[in-house]
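The block underneath contains the structure these notes are about, expressed in structure tokens.
The chains carry the letters A, B, C and D, assigned in the order they are written, with residues numbered from 1 in each.
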Amino acid sequence: MRLHVPIRLRWADLDAYGHVNNTDMLRILEEARIEAFWATDDESAGSMAVLDGRPGASTLSLIARQEIEYLAPVPYLRRPLDVSMWLSRMGGASLDICYEVRSPLGDPQEESAQTLFARARTTLVLVDAETNRPRRISDLERAAWQPYVEEPVAFSRS
Amino acid sequence: MRLHVPIRLRWADLDAYGHVNNTDMLRILEEARIEAFWATDDESAGSMAVLDGRPGASTLSLIARQEIEYLAPVPYLRRPLDVSMWLSRMGGASLDICYEVRSPLGDPQEESAQTLFARARTTLVLVDAETNRPRRISDLERAAWQPYVEEPVAFSRS
Amino acid sequence: MRLHVPIRLRWADLDAYGHVNNTDMLRILEEARIEAFWATDDESAGSMAVLDGRPGASTLSLIARQEIEYLAPVPYLRRPLDVSMWLSRMGGASLDICYEVRSPLGDPQEESAQTLFARARTTLVLVDAETNRPRRISDLERAAWQPYVEEPVAFSRS
Amino acid sequence: MRLHVPIRLRWADLDAYGHVNNTDMLRILEEARIEAFWATDDESAGSMAVLDGRPGASTLSLIARQEIEYLAPVPYLRRPLDVSMWLSRMGGASLDICYEVRSPLGDPQEESAQTLFARARTTLVLVDAETNRPRRISDLERAAWQPYVEEPVAFSRS
């Protein structure tokens, strides 16, 4: 099972090459993670959204590792990018999140052939905000995230 | 042989956790790459700085892949981070750049024990700005960069 | 007549104070301007959206001047900010855009009392991308924008 | 008396127009303010640098108002911009900072004729981090900043 999260570009994500800067692609992934994992009172939140990520919350979600493959330059697009996400590993206190970033959904002539812009994987560690030490994934979190565990994203190079 | 490039943080690189945001660490690497590789008329430029990277230049340097391991949160620091760089591969039109990002040099009580904040590796492709196709590393570039070819950075996890 | 544009924050807009950085508030205004003024093939585009702002388009929209008053710190919010926009002046080749940035719409307990976070005004100049010189506001543009001309935003200080 | 602070661009400050984005010009001003005002143990710090601005410090410096005039597009420059700064007002708990941003110093053929890229003014309020209320400018601060009080920057338009 994969979660699809639409993420909008900002004009300033483009650099002087006229493409989304390599760094801002990770910003896109960060926004997709928050949308997917952080609890909200919005009823439209997905079923993975059980992590209390508010500033001042008891858990910090820290990034331990990231890997990203850029397959095609991302031009400026008004419609949101289509970020699909799943998990490739759930450990004691950390998890591996995989992503595929594609051109926007909903464009009739594109539907059959979205461009795959990037593949990525992030290792995220849950950290107790008080002690600054990793804390275990709770049963609630594990149950919410388990349906999204799949094979890791396959990078072209390594 | 390794090149040491000092790179300053900006206050806005910090996020609400009070640490440099994971994404902005790649921004730091981007600045270090430009400082190391792009030609300039500044006499203090290092010997790797032979690539014409100006906007409008004939070569674009595009990022094909990045991998980064975050080993310790980076606090706000007024002195520049110490980014050490070397190459782990020179192909026909692409190269792999390795980095270690450490706490600032020049702090007497730190000198013996700089903190290693991050390790990273970037695959960079030289692209002809006219044709948008990869172009070969020139003899001049190869000669300038060869002394910096070393073993790849050793990541803790993979 | 005022246009209301919802603009989402990004997590990285926060700085170490835990509020949206003063600079990123202007990023929010930039996104609101694009949403309001740039033409798109999206049917939901508003009636001001007649400017061809695509990269490579014949018109550049350059900023000549900005003024912003920060009235309350902006915390992290998942729901989009409510940016209301209007024009306070249409000249030959330039226009003054006014903004009020408020807390999100649609929160029942807030509806009656949205927080006013910021007031701002931007002078935008239409520039011919070929000649790099100002170009006149077209009749089409003038007709589309005229209904939104109002009194200038009233700043508290000056 | 004016303070000259050199501030380096980052490549990602450029947007798709190939110029420094209007928003990032304020980022440049933020960096100049920190360099000018925040105390540091670096001996090269200027005489205005008496404010404890570290994350977790007892004073927050919040921005209440900004005004900026963009006079010429800023291209990518490897040498640091020359930001000159002074004060146009010192109140009880707030001060007005003026800026002129020019092309880099030290280029022989430019010295006589640096380009003036932008003029700006910021109202900064000192806030007690505990109480979140404005706190008075201390005698030490007032003495350090007084020599830099001058006439306000003269904007072309208003």
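By our rule, contacts are C-beta pairs under 8 Å (C-beta built on N, C-alpha and C of every residue); 3 or more make two chains touch, one makes a residue touch a chain.
Computed from a prediction, not measured in an experiment: that's the story for all the values here.
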Subunit A onto subunit D, rotation angle from CA fit, given as a multiple of 5 degrees: 180
Farthest-lying chain, centroid of Cα atoms versus that of subunit A: D
Which of B-C and A-B has more C-beta contact pairs: A-B
For subunit B paired with subunit C, centre-to-centre distance based on mean C-alpha positions, whole Å: 36
Rounded Å distance, subunit B centre to subunit D centre (Cα mean): 28
Rounded Å distance between subunit A and subunit B, as computed from the means of their C-alpha atoms: 25
Sequence positions of subunit A contacting 2 or more other chains: 11-12, 14, 16, 18, 21, 23-24, 27, 30, 55, 76
Subunit B residues within the subunit D interface of the complex: 8, 10-12, 14, 18, 27, 30-31, 34, 38, 40, 42, 54-56, 75-76, 78-79
Touching residues on subunit B, where the partner in the complex is subunit C: 11-12, 14-16, 18, 21, 23-24, 76
Subunit D contact footprint on subunit C (complex, rising order): 16-17, 21-24, 26-27, 30, 55, 60, 62-70, 73, 123, 155, 157
